[in-house]
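What follows is a single structure, and I will ask about it in a moment.
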Amino acid sequence: MEHMEVRRADGRGAGDLRRVRLERDVMKNALGSCMVEFGDTRVLCAATIEDGLPGWRRASRSGWVTAEYAMLPASTGRRTRREFGQRRGRSQEIERLIGRSLRTATNLRALGEHTVTIDCDVIQADGGTRTAALTGAWVALHDALAAWVEAARIPRIPLVSQVAAVSMGLVDGNVLLDLDYAEDSRAEVDMNLVCTQSREIVEIQGTGERTPFDRAHLDALLDLGFEGIERLIALQNEVTAFRDEA
Amino acid sequence: MEHMEVRRADGRGAGDLRRVRLERDVMKNALGSCMVEFGDTRVLCAATIEDGLPGWRRASRSGWVTAEYAMLPASTGRRTRREFGQRRGRSQEIERLIGRSLRTATNLRALGEHTVTIDCDVIQADGGTRTAALTGAWVALHDALAAWVEAARIPRIPLVSQVAAVSMGLVDGNVLLDLDYAEDSRAEVDMNLVCTQSREIVEIQGTGERTPFDRAHLDALLDLGFEGIERLIALQNEVTAFRDEA
Amino acid sequence: MEHMEVRRADGRGAGDLRRVRLERDVMKNALGSCMVEFGDTRVLCAATIEDGLPGWRRASRSGWVTAEYAMLPASTGRRTRREFGQRRGRSQEIERLIGRSLRTATNLRALGEHTVTIDCDVIQADGGTRTAALTGAWVALHDALAAWVEAARIPRIPLVSQVAAVSMGLVDGNVLLDLDYAEDSRAEVDMNLVCTQSREIVEIQGTGERTPFDRAHLDALLDLGFEGIERLIALQNEVTAFRDEA
Amino acid sequence: MEHMEVRRADGRGAGDLRRVRLERDVMKNALGSCMVEFGDTRVLCAATIEDGLPGWRRASRSGWVTAEYAMLPASTGRRTRREFGQRRGRSQEIERLIGRSLRTATNLRALGEHTVTIDCDVIQADGGTRTAALTGAWVALHDALAAWVEAARIPRIPLVSQVAAVSMGLVDGNVLLDLDYAEDSRAEVDMNLVCTQSREIVEIQGTGERTPFDRAHLDALLDLGFEGIERLIALQNEVTAFRDEA
Amino acid sequence: MEHMEVRRADGRGAGDLRRVRLERDVMKNALGSCMVEFGDTRVLCAATIEDGLPGWRRASRSGWVTAEYAMLPASTGRRTRREFGQRRGRSQEIERLIGRSLRTATNLRALGEHTVTIDCDVIQADGGTRTAALTGAWVALHDALAAWVEAARIPRIPLVSQVAAVSMGLVDGNVLLDLDYAEDSRAEVDMNLVCTQSREIVEIQGTGERTPFDRAHLDALLDLGFEGIERLIALQNEVTAFRDEA
Amino acid sequence: MEHMEVRRADGRGAGDLRRVRLERDVMKNALGSCMVEFGDTRVLCAATIEDGLPGWRRASRSGWVTAEYAMLPASTGRRTRREFGQRRGRSQEIERLIGRSLRTATNLRALGEHTVTIDCDVIQADGGTRTAALTGAWVALHDALAAWVEAARIPRIPLVSQVAAVSMGLVDGNVLLDLDYAEDSRAEVDMNLVCTQSREIVEIQGTGERTPFDRAHLDALLDLGFEGIERLIALQNEVTAFRDEA
């Protein structure tokens, strides 16, 4: 597990993120929006706020944050069919992950009886679409809430923390951070980590489909993950100046 | 109908197009792609080619060109629901229009037993999404076919013509070209024109939902439309150099 | 374009309609109904009026007119599958055309908070089902509204105009009116025209899927279309005596 | 149970059928068709034959007969919604009843590897739509098979029997034949009987939703039913001359 | 028809039921539940009561009883697909039968504005699943209503009768009671009977798909059926002591 | 985190499993079946093997193992709606987890071109349905494969490992093993662990929806989880004697 010696196809070290970009305000009609890039993976995140709550949530009088995730058909190497008719299990799993994580970051009571929807549409897929989507979705959420503060709809941004996500994996026996598609396709172990700015875990998902893994590998993967999250949190903070506001 | 005196909200004259941009090669995984902008309307067009034909088309031994059209939820002022479950009639109508028009432009026999799908995803909607989509879709189609020529899959680009589309309308009694959303919303008459580079009509659709219109207005609308198409065809030609190849 | 010399398979001249019949009151349970025949094409049109409006329309306090279109499975030469599960784009396109056109003919405000649905079910298909449907649908709509006047639900028939529809096409180089299925199948250009009794255009749709067409042909097609509409309007008027009421 | 004294709203006696009409050859494109009327109930039955068998039936090398049943929206007093999306249990139950009964009447082995579909579309509903549909469907099936004999596709009509259907019910304590909608709506017991020309039972369905019934009533209902079937069989035979062929 | 001489594969006589078990209180979360076994056929019946009524029923101010029926995929010899997407006609037919029969047994007005749903899930299928389901469903319904009496939600159990169901059939010319899957698969005639404790018929369904049957056979089948029902009613009464309460 | 002092509602210590039962051969028609109970949570697991592979898998010539998961409507305190029409994201997520984990345990190449489906139907839900389901599913899979060995369809059981699953959580600040529904509903952190008999991780999922958690808590949760898995593996081994075979 001396992973620092590894040289990856794109020249990165084992613990390096791909080039990450967070471009805000890319959609005129969305309250908050962010084009996020993790290398060649590009996801368009857009936040809209609607009055009212889903029926089952109405009694709570607290707000709701939810996400929708879809891939443009030409975002993948081989054209992906649109999800008319039947949603794919994978898409729903990702939506649930993003929704849960953003709700952890939000003071739903302070949000009041409003529903924020974060649409995450994958423009280009090269591995790590869910982690990129979540990292950008937080920025879109922040900006939509900030717009509502400006519009005097709420007194202050009801966010309790930042959240960002990154993937880790065991590839050819090496522990790597932020897998691209080629790495992900042959990974023995695939893991996703969602954390806050204080290194607290919001979500951890790890799968050894090809081969199970022991606790020592789990620890090594987590070490890398925490480091990656820290850099993503810093980038988010750079574009939104969230921590300074808080 | 001395429409040239009109001054529109964005400063355009009655017969002016909005600023039009055709940016190619915007998606790494698509064989051909084009981000098309008609003012604030932005549509991402991506062409992919698959071997084989839809079942009902198999006997023909000719190729097939089809289109899919969708709007990102946050592309509109008020969030549009995704078309899971039930396709919207409007989307299917636009897909059928784009597919038909591109097939008219293509030598399907020369294409051989392949299916080209043009995905048109509206990133931002400000009126004229179907005309922008078709104009960009032709560029994506051209580039995908050119890539296949380069890959020696086909001897030459099997296109018999260029096609572009523009909208016209009667707004507050004025005959206008290329309506934006605000104009379109209050138009008495709404028309779309698809033409080739030689001013031949591929498709004409005109609706007087608010009020029917007489033949003199039809003629005035068509005059504007043909001029607009000519400029779009020139722009397409500029980015693809299609006419020089031919 | 001296189309008058053409002799068609059924003996008609280029500018002749097929035998058209409009039989009223063919369904005991519908408020208004009309079996319309354009030659062998037969469509059963039935109008029902329900209190209330679709949800999205409620704020308007104006009425609504909508249409549904379907083909009986055995109406076509080869059995057509029923549209359980997934609506066909073509059917929805026709429904939208009929609904839009009838709304143009109706004073929705005077109709009040009621929804009129015109069901158009194709019993036998031999080309021109959408134009026959629309022509018959207007009669069914008229009769349903007349029945409501008689029932003292509304003071007078809230129709502002008559609308009828006809198809035209370019077949083997000839400009023809009211195509039957055999002509339609090999038409180079296919066009539908919806007009009022004062030759005003409600809807125009023209497609050159096989080959694009120039403006001279468009004009010749329109000339024929206006003549055809005039005769259909006269027939509608004959059975409903609408113009005399007005 | 001295039911013969009963006088019904339309003047019929307890054991009388409504006026029954079987009009053949009403659809140009169907191989066999029949408009059947039981009083104001009108059902259009159309038979088409396709080569091949449904997948699960292929191994049998025997033919298949199936039915589809639907109501036009305006066939009922209050508009019935079309079954897009979700089929109604009632419609499927009726389809299954008609299909089963017609298969009993058919020599499927002699039919060979073909599928006959009988479409039963209710134009006007006034009670007894399923029994009218089945009675007319047999005529359409007969005629389609006769057309195939004429076309030399099969040597002789592969029917082993006639089948017809009628409803019976207990209404206000009276045992009645062939209920119309008003009677059916308040019936204590509702029964349907499908029989052959030799009084053999193909299907019997009886329901006492309002109140259960004893065996004496069952017997009285069956007595009426057998008589009604006999008359329907005679009418079928009159229009098709089936028994003379056999 | 001297059916008493017949010896069946499992040793039963023609008029014998399989071993029947009714085990109550098998589901902790259901208000009433019953695992019913007719030989190897096992169905889990569970009754839940919800406040309120389905929309179309609201005006009645009476209660509603409905059923849902499904088979576990592994309940059958060859795995049955789950009914995601499209309900099977057969399942809906069975649900409707069970719902209708239980409503006949219930005083809906006394139930008040509540909806009882009886879920019948087939754990193991060996013929007669619908008759077993109905027989067990009545027990689950009884127990749920008894629990509501105990909870002081209603003053007394609003049941007007017991209902049970059994199948009969003509197999190799023999009239048999309570067919198992092997018998059912080759039956010439298949019949189901639902009766009350006083031998009144709630529902009778008989089908001669392979061959129609005469009235003498119908009578013999009914004789057997009434005897079977009597024994099932006694068993229901044994476990619930319903008649003693009444 | 001295969790051993905790006393839970049912008397368990923090690190205790509920009473676990694995009952085999509970379904006559399934090749392998297991009723698994974790306290009041009961899941019926049934394995069936079909020849052939899903389309997309065919090229691989290796076998496939997949799972389906559903809850009986009355398995929960409040009736759960059946998943007709639209699958729930949660169910698909659980199916994917179970399928992935069982595939890790299986030598798919040795299985050959067969598809094993494990149906997991929740009879009673009291927390931990997915971990109970997976633990029982492995037993059903084992038994189905053993049956195929006995039937001489494959030379030996193609399993490479045992897998079992357990839940852990942080409840009121306490680290607990195998949460029941009441504990799960108020847990701050919810985690599921799938491991093999050699303490290797197949899947780890942890969520801090109410509050994120630090790495020390993660470690404490994992410690408990590994102990629980060890006991479940021993129980599986007891009923199947797998390790002795291997």
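Here the chain labels run A, B, C, D, E and F in written order, and each chain numbers its own residues starting at 1.
In the analysis below, a residue touches a chain if its C-beta (ideal position, glycine included) is under 8 Å from a C-beta of that chain, and two chains touch if they have at least 3 such contacts.
Listed by chain with UniProt protein names: A, B, C, D, E, F = Ribonuclease PH.
As the structure is a computational prediction, the values presented were derived from the model and not from experiment.
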Checklist line | Partition of the remaining chains by touching, absent subunit B | finding: one piece
Note to self: Under the document's definition of touching, what chains do subunit D and subunit E have as common neighbours?
What the structure shows: none
Note to self: To test your reading of the model: what rotation angle superimposes subunit C on subunit F by C-alpha positions, in degrees to the nearest 5?
What the structure shows: 180
Check: So which chain is the furthest away from subunit A, centre to centre on CA atoms?
Finding: D
Item checked: Chain separated most widely from subunit E, comparing mean CA positions -> B
Item checked: Centre-of-Cα separation between subunit E and subunit C, whole angstrom -> 52
Next item on the list: Determine the centre-to-centre distance between subunit A and subunit D, using the mean Cα coordinates as centres, and give it in whole Å.
Entry: 60
Check: Taking each residue of subunit E in turn, which ones touch at least two of the other chains?
Finding: 85-87
Note to self: Could you spell out the chains in ring order, with the walk beginning at subunit A and its first step landing on subunit F?
What the structure shows: A, F, E, D, C, B
Checklist line | For the subunit D and subunit C complex, residues of the former touching the latter | finding: 27-30, 33, 40, 44, 46-48, 50, 68, 70, 72-77, 79, 82-85, 87, 117, 119, 121, 123-126
Next item on the list: Write out the stretch or stretches of subunit D touching subunit E in their complex.
Entry: 86-87, 89-90, 92-93, 95-96, 100, 103-104, 161, 195-196, 199-215, 218, 222, 226
